Every structure is written in C-alpha cells, then in structure tokens.
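For reference, chains read A, B, C and D in written order, and residue numbers begin at 1 within each chain.
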Amino acid sequence: MNPVLAERSLHDCRDAWVEELVRLAEGDDRIVAVVNDSVGSSKLGPFQQRFPERLINVGIAEQDMVGVGAGLANGGKVPFVSAAACFLTARAMEQIKVDAAYSQHHMILVGQSPGMAYGELGPTHHSIEDLSWLRTIPGLTIVVPADPVETTHAIRWAAGHDGPVFVRVSRMGVPQVNPADYQFQPGKAVVLREGNDVTLVATGTVVARALAAADELAGEGVSARVLSMPTIKPIDTAALVSAARETCGIVTVEEALTTGLGGAVAEVIVRHHPAAMRFVGVPDTFAPTGSVEWLLDHFGINAAGVAAAARELLALA
Amino acid sequence: MNPVLAERSLHDCRDAWVEELVRLAEGDDRIVAVVNDSVGSSKLGPFQQRFPERLINVGIAEQDMVGVGAGLANGGKVPFVSAAACFLTARAMEQIKVDAAYSQHHMILVGQSPGMAYGELGPTHHSIEDLSWLRTIPGLTIVVPADPVETTHAIRWAAGHDGPVFVRVSRMGVPQVNPADYQFQPGKAVVLREGNDVTLVATGTVVARALAAADELAGEGVSARVLSMPTIKPIDTAALVSAARETCGIVTVEEALTTGLGGAVAEVIVRHHPAAMRFVGVPDTFAPTGSVEWLLDHFGINAAGVAAAARELLALA
Amino acid sequence: MTIEEDLVPALDPNAVPSDPFVVLGRVPDDATEAQAVAHLKEAARLVRRRDIQMVHAAGLGHVGGEFSVVDILVTLYLQAMNMTPDHLGDPDRDRFILSKGHAAAALYTTLAIAGFLPPEQLFTFMRPLSQLNGHPARTKISAVEASTGPLGHGLPIAVGTAVAGKLDASPRRTFVVVGDGELQEGSNWEALMTAANHRLAHLCVVVDRNRLQQGAAVADTNDLEPLGDKLRSFGMEVVDVNGHDHQALLAAFRAVPAPSGRPTAIIAHTIKGYPISFMSDNVGWHHKVPSSEQVAQAMSELEAS
Amino acid sequence: MTIEEDLVPALDPNAVPSDPFVVLGRVPDDATEAQAVAHLKEAARLVRRRDIQMVHAAGLGHVGGEFSVVDILVTLYLQAMNMTPDHLGDPDRDRFILSKGHAAAALYTTLAIAGFLPPEQLFTFMRPLSQLNGHPARTKISAVEASTGPLGHGLPIAVGTAVAGKLDASPRRTFVVVGDGELQEGSNWEALMTAANHRLAHLCVVVDRNRLQQGAAVADTNDLEPLGDKLRSFGMEVVDVNGHDHQALLAAFRAVPAPSGRPTAIIAHTIKGYPISFMSDNVGWHHKVPSSEQVAQAMSELEAS
C-alpha cells in the first residue's frame, strides 16, 4: 500500500489553485485573473475579495476572455485565464492557437473541472477532448496536477514561465499522492512507485486509482511501475522509453478520451521502442449521464480496470 | 512506376467538390450550402449561380455558420458547411462537438484548403491541427480524399450518410492516384500498391508523394506497400494490423501535424500489434512562411523524406 | 460511437416525493382567454412543484433560472405553439429551442405536462444512464430540437431552422429562449445579424430578462443595457412583456410573425426564482440546491400563489 | 517548438523593382498642420507604391484592403501615435493592432517608412522563411503587438491591452483597425461590450468602412447598417470621418480619449483600392494580384494623385 495513500482525505485542487494564486498575486502585482462569469466555479472568491480590480470578468464570452488575456500580457500583466475547461478549450480554440500559442504570450490558461467532473450535466459540460486537442498545438505547455501539492507547484511554475501554459484543475476530490516535499519538474515524469513487470502511466485526478491498481497487482506478486505525468506536453520521452524497455508494456490512465495521454505515449513508443499498450480512459464515445465517480467506474477507470489491463499485457509477455 | 501516376496533370479537388455538389443538388432540393464569405475560396460560384437561394452566406461568422447548418438539418435540409479548414475547425470547435457530433445531425463540414495550402499566408491560415482535433470527437466521420475521383465519391457518400461528416478538400494541385472506376468504401484503406517489406500509410494531398517514394524504394529492391487512408475516423484497424504483421514497420505520411494520421495509426498499432513507426508530416512546430510545395519539401514530406523514413525502419528489422 | 444512453435507465418512483402530477395537456381550443390563463397558471404551478422536487432529489439543478422561465415555457407548449405530441413529424409545426439549456428540469417537466414525455421518466433526472441529463439532448428526447448547455448555441441553430422554413415557404414559427447573461456571447449577435438580414419574420427570440447570471447581476458583470436599442439596431422587432403574465405572453407570441417582416425579440421581464420569497431575485439561487425544509416552504408558497 | 522563423531569410534586392523608398519618419514636431498633412500624403503615396510592387512580386496580397487602410496607418504611425522606434520598451507609449491582418503589406510598408522595420526586409515579403508572412506576427516583428489574420481577434486583444493600461493608470492609448466585414464576427461585439462596461476611454476602434468584404459588398452578405446605432448601443463614442482625409483623421485621433469617458469608435469611410481607377470600390480587387501593366498604370495614377 503506497504510504501517501494512507492519508485518505480527499481534496478539491481548486482550493490549492486559488490559495497559490493569491499568494503569488500578493508578491507580484502583474498577476491578474480573467474569467467568464466563472468566479464561483473557479473558486476565485478569495482572489476577488483581496484584489477586486485585478479580477477581470468579461461575462459569458470565451473568445473575448482569451483575447483579453493576450492583451493583458501585451500590456505587461501576467494573466491567469480561468474557466470551465469544456468552454475555455472548445469555445476559444482559435484564440488559444493564435493569441496564446502562436503569439507565445506569457499567459496561463486554467481549465477548471475538466474530464467528467460535471458528470451529471452531460457531454456538453464534459471536457474529455481537451488533452487531445491542446497537446497538438505547438508551443503550448500542458500541466495536469494530480493533487493539491502538485497544483500549488504547477501554478507557481507557470506564473514564472515566459510562455503559454494550460493547467488542468479539477473539483473532483483526490487524495494527496505526492510527498509534502514534492518539487515540480516541467516535462518530467514522477516515479511514484518502482517496478519492473509492467508500467502504469497516469495523469491528474486518476493517478491515485493507478496507485491502487499497483497495490492490487502487488498482491498477485506483480511489481508495477507507476509514473505520474504532470506534464502532458512536452512529454517525458526518456521515462517512457525506459518503461517500454524495462517492463512488459504500458497502461495509460486518464480522465479523458484515450487520444489524450494514451495517444501521446503511443506516439513516443512506436518511434523509440515499440511495446504493447493498453489505454484506460474514455473510449471513442460521449459519456452517459452520471456522477464523475460513477462514470470513472463505468469506463473501468479504476483499480480493477487498470489491473485488468495490466494483466492483459503480462499475459502477452 | 505506378500507372495512375503516369497521368501527371495536377487537379484542384475543389473543382470535383463543387461539380458533385451541383450534381447532387440538381436531384435533391434538401441540399444547401452554408458559407462564411467563402464562396470564392470554396469555388462555390457555379452552385451560387445555379441555386442562389440555396447558398446561405452568414458572413464572417463561423460559430453562426455551423449552428445555422445544424438548424438547417433540423429543418429537413442537408447542409454542406464550407469554409477554410483553419477557421471552420478552430473557430467553431464547440459547435462541431455539440451541434454536429453530439447532436448527430446529418450535416457535412467541408474544410477547404487545409494543411499548408495557404503556406505564404502564415500559421494563422494553416490548418495542420484539424485532423488531430477532429479525430478525437466521438461520432464524427472524417474523410480526406486524395484526388478528384475520391473527392467526388466522398461528397456523394457524405450526402447520403445520416450523420455528421468532415471532408477535407484542398486547392493544392494533386495528380489522380485512384483508378477511374474507383469506389469509395467508408472506413476502408485503399491498397494502392502491394508490398511486404515496409508499409507507407498516406492520406489526402500527399498520397502521390508516398507512391513516388515507393517507386524510389522499388529501385532499391524494396517492396513498399502503399495504403491510402481516405477515412481517418473510423480508421481501418484490420488493414493497419496486417501491415504491422506482414511488413517491418509503418511510415505515415500527411500534410498535417503528425498527431493526426500518425497518432491515429500509432494508437491502433500499440494495442493490436506493436511495430516500429516513423511519422512524416509537420513536426511539433508552426510552419515558417513559404509556398505549400516549398513547405512540404522543407519538412521532408516528399519522396525522399518518406523513402528515408522507410529505410530507417528497414535498418531496424 | 456507442450510444450508451440507449440503455433503459432504472426507474425509481421513490426518488422524489410522489406528487400529484397531472398531464394537463394543451389549453382546450374552445377555452376562453380567462380559462386559458387559468389553465396555464395551474400548469406553471405544477411544473414548479415538480421541478424543485426533481432538483432536490438529484442534488443538482438551476432552480433560479428554471422558475424564471416556467411561465414562458408553459405558455408556448400548452397554447401558443402549433406543436402536439402526435404531430412531431409535421414539417410545418412550430419549433422550440431552449438555448439556456441549464434550465433543463423546467423543460423536461413542461414536456411531461404537455404530453411529450412520460412523467415517470422525470424520476430519472440526472441519474446514471438517464436520458434526462443536466442539459437537454436531441438524441435523447424526441421533442428536443437542439442539444444545448453551452450558452450561445441555440439562437444560431434557431436561425438555421427558420431559414429552412423560409426556403420551404412553411408557416412554421421558431421560438428560442435565451438567458440575458447568455447574450454576452458573440455568437448570438452573429445570429441576430443573420436573422435580420434574411428577414426571418417567423423567428421569435425570447430573452429571459431576469437581470442575474451565474455569479452576479448582469449589470455588474458585463451590462447589456440599453438592450432594446441593441436588439433594434440589429434589426429586431422588439417587444417588452412581463414574463410571468401568461396573458401578456400569449398576446406577444400571437403577434409573431410581425407585420414589419422583421424577426421578433421579446424581452420577457422576469424574476429569477419567481415566485418563491427566499429565492426571488437572489443570485445565490442560480444553482443552489434547496434543503427539505426549503422545498417544503416553496411548496406551501406555491399553493398560496 | 522550434522557432524556424528565426532563420535569417535570403534577401534578394531584385525581388521587386527597386523604387525610391525614403524612410520619411514621423511628422516633425514643429510642422504646421499643412506641413503635417503634406508629409502624410507623401508617405501614403510611397507606401502604396511599395505595397503594390510587393504584392506583384509575391504574387499574393490584399491590395484592395491595403489601399483603403493606408491613410489611416500613416496618420497613426507618423503623427497621431506616441510611438517611436527608439522607445518601443516604454510602457506608456501608444499601441496599435491591425486586426484586419490580411492588409499586412500595408502595415509592413508603413512600419518601414516610420523606421520600425529595415526597408530591405520588405523584399522578403512572403518568401520562404521570411518574417513577413501574409499576416503580421508578434513573434517575428518587434513593433507588432498582436499576431492577426483570423478576423475578430484584434479587438479583444486591444481591450486587454487597454484594461492593463487602465490598471496602471497609464496615459497610453490603444488603437485597433478592424474591417467592416470583420465586424460580422461576434467576438468583436463581446469585446465592445467589455470595453464600454470597463469605460476604456483610451481605446480607439477604427472601422475601415470600405463597404466591401472578400466575395461581395457587406450589405449583400450580412449587412451592418445601422452601424452607428449598433456601436452607440454597445456604448461607444461614435465618430464618422473620411478615411482618406489625413486632416480629418488627425482631428479624430486627437479627440481620444473622449470627454464622455466612453471608448471611441471611428467609422472611417474609405474606398477599397483607393485611389486607383480600376481598383476603386471593386470587390474583385480584394486579393487579386496586379499584372505588370496594372502595376505600371497604378504607379502613374499615384504620381498624378
């Protein structure tokens, strides 16, 4: 049993996001927040109270929101553009491509409650495409924290990185999976568990479920390596190639369509060290109605599903 | 030398698209066209002259354009929504996700002059992300014709398919690569050339370049199988698995970021039959300024580049 | 794509307090204006009762925006629109699109009371595999014309439907309800421009003008005023009505198509959370879920109303 | 991402007919109004001469929309704006964004004549690896504030820049030029609403009102009229000027910020292809490339003008 999982209380990473944003803003008055009537869903209340004039609410207008963010960057500010991930990405895709990425502005796009965090609200409010959509855009860094500690570090790093960054932050409760002394390294995988039989590569909200699968496999005498991928782009090629070389295969685990992390890993593997893979995530379908926990289990994005996928790879070896 | 390539004259597939659209519209008054001030860039002049009232020009407003298309479908029409691929996809991404795909409307989205067809106009006008973006959307069929014959068939098929379809049509001159008696089969790869040493999987405008590479390789005694992929989604898994099993590896060739066809093929291969791959296309970068032909050569998306990638795979085997 | 939503959801009649729910159906054709208004008033009361119970049971919903739009919905479905459950296939029937899809519970309940949806299905609201998710989907409910939820989609779709009607010289009218905050989305202004230039007289845009959006007042977020001038300058025939006055709404809907040939924009002045004392005009109730006590109080207030 | 654009492009001085090109620079501070206008008139003539030669040499470009906006550009860069090549780093300098990025050749040429860009670089226009592609990019030219090309991006960005200026209580003004067809994009109306509600008095939106878009007249595509009413209802201070009258333009730009505290919208009435006889007001010249004969005739007409 992974020690960090001993601490079972669940956290809403939006708390860590806003706490860090306020802390950064205290020391850097270039930092502003841009929202689309999303103060509540972004949990930005504390920031708004502390810096009312630095919270720019453009109303329900995502194209304007991202464009205004780029303009604020041009004007010397460091904008954190925060909105529900589904609307931020789908509605402002060209602004993300042109105003943020192609223009290489120092601006941070914070996609709130992505994946299926808004499960019952239906596919229009699910953001299961965002990782696949954004990872193809040149010049954009994509960070997907797995817990509060990583969220804090990711926000702090993005504030200091002179380029466009997308950070995925969810309301879904997650346990802390990283140690308290965790240090975020952009572009680097985090080895949460050593192992040489099979590799589990997970990102964001479901890293804890991959660790639980590793526990289950350990009970069967299988040593599973668990890599947490806080950075989806650029992806850690070296860590993935070692995994392909040293274990029987790779299972990717994500709260997204498997063209996201799964696709990103596959694209590295086939070019550098072909190996068998299994994708755990949302298959090629719009999700039905249900709570996020129900949906994750429905799609087998849980310990049992990940362990089963790992056993398939072990059987091939 | 592939016989069909003997005929070297180049074609602008937009001519085949509009010719077929007019032909279909003659026989089916449900067919309408929706554009964003893109009559000229879509070469829709003949359609506009023949059916002025059935050409709905919403002006420069892509979100409105796709929404209006969905509404026309709701009203019993069969809308062909035609605009430059870069704006149609990036600007109306959420309308494509929700109004077309999730709503499963019978509407055809025609992405004009994608890839780097507008080379000199710069990255804002390049549509190298479209295949990667759209192939992740559930319920959307993606067709990328390689020549006029395939374009005609794809448009005809889409007009009769009760669901959302994206068709990629380019102004870039291409030779005819398919036989005159060609029949389009949705979801099926087209074997343009048999071969058992290595496989070249190409789509759209650059299929001819893959065939030229096969000729070059043949001169070296290498028999390259050439698969043309008119359908990117759903992808032909069976043909790809056979290629992985029967040849030493797969080279994908596309006028797009390699997360498009390359990624789609890799995702099949790692799950069904791990094999070595090389991606020929636009790497993770915005393209510099230049004509489309210059840019294709710049990125090695040509006979020499494809042949070199194939030799790398043969060297591994 | 697998359409998992086709699976039949598990119905649980105990999910919400079983409440007398009559499928009232349309206002009888021979009803007097007074009888019609009484019929609509009763329908609105039943819809609000069921709506708040559904939201309470699901633990999710948008009661504020649902209660502000209920009177508009019942007036359209039970009287103003030429649309009946047995003629859904008629190309000349009227069309309705709820662009502010977050008020789905009000739409589902109205569809049920009008006979377009089996009342039992309401019990599945937001349950696993339910056809009734938090926002209406055309692939899941036959009477729903457009899948909405992301704001700013419904109006362009309504324009397309209206253009199709005009091409077919059909008498059908297309009604679309947008939120006031929703009008901050530029896609709506693109669509209004298109509607006016295509002289879509059979299009009627109803603005649920409750003056509040998700996190604050519209005026404190990105003000729309002068809204009437904006809509007129975009070529609309603008009408102001009390959005809770069934008689006034009936008159406004009857006036479509306008003689001017312009598309109609009805600014329906409403109160978010109407008529519940503790919800009315209170932004806190955009998507707050009522407690059992609050449901009980709302119920008694609805009786009194 | 590899920034291949950093590679130095191969310059070819013979790419375009070498034409006397003087880096005129700003209107001298001590110039009289008459001298200023003469300076701007000469600058506009030189810019149009070079622009049409660049487009001819590249075989690509948007001469019509370039010629309609030239007088606006030179008036801003050579006189109206507080912006000089040696003070680009000054946070309080004025800002300019060409939202109708397809008129890039006119911007590049104006930047060159104003001293922001080495004239030799103009020869690389649209050449392989050139920093001057068909639409301006901020990563390629230091004086360019925003990468444009897709219509409807520049105004929201200008609003953000203006908000930043207001937060810093900076006197700087932000000017943005949009095409009239471009105003069909809803993103502009989102931005105008935001600008007015944030009372961005230091923002000035210039509409290049040449009445034509890519394929037809704006009125025949999706009409904008009554444009003044639309802009006023969205909270703008609206001013109409002749977009080819340097003196009128100077006066309009001087009036920013407006005493009302509202952002300014200048409707600059222009002629697409101005002043060339065979191009003027002719939609065919949106992106038609002139032949050598047409270039020659345009040149002689420019001398006469």
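Definition applied: a contact is a pair of C-beta atoms (placed from the backbone, for glycine too) under 8 Å apart; a residue touches a chain by one contact, two chains touch by 3 or more.
Remember, it's a predicted structure, so these values are computed and weren't measured experimentally.
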Inquiry  = Based on mean C-alpha positions, I'd like to know which chain lies farthest from subunit D.
reply    = C
Query = Between subunit B and subunit C, what's the gap in Å when you average each chain's C-alpha atoms?
reply = 41
Key: Chain centre separation in whole Å, for subunit D relative to subunit B (CA means)   = 36
Ask   = Taking each chain's centre as the mean of its CA atoms, how far is subunit C from subunit D in angstrom?
value = 45
Ask   = Hey, what residues on subunit B touch two or more of the other chains?
value = 58-59, 61, 63-64, 87, 90-91, 94, 98, 102, 123-124, 138-139, 284-286
Request  = Hunt down the residues of subunit D that sit against at least two other chains at once, touch-wise.
outcome  = 1, 137, 147, 149-150, 152, 184-187, 190, 193-194, 222
Inquiry  = Can you tell me, using the touch rule above, whether these chains form a line, ring, star, complete graph or other shape?
reply    = complete
Request  = Within their complex, state which residues of subunit B touch subunit C.
outcome  = 32, 34, 53-54, 56, 58-59, 61, 63-64, 66-77, 79, 94-95, 98-99, 102-104, 138-139
Key: Complex contacts: residues of subunit A adjacent to subunit C   = 37-41, 57-61, 63-64, 86-87, 90-91, 118, 120-125, 283-291, 294, 298
Ask   = What residues on subunit C touch subunit A, complex-wise?
value = 1-5, 7, 58, 60, 101, 126-135, 137, 147-152, 181-182, 184-186, 213-216, 218, 221-222
Inquiry  = Which stretch or stretches of subunit C touch subunit D in the complex?
reply    = 184-190, 193-194, 197, 222-224, 226, 229-230, 232-234
Key: Sites on subunit A touched by subunit B in the complex   = 87, 89-91, 93-94, 97-98, 101-102, 123-124, 129, 132-133, 135-139, 257-260, 262-263, 266-267, 269-271, 274-279, 284-286
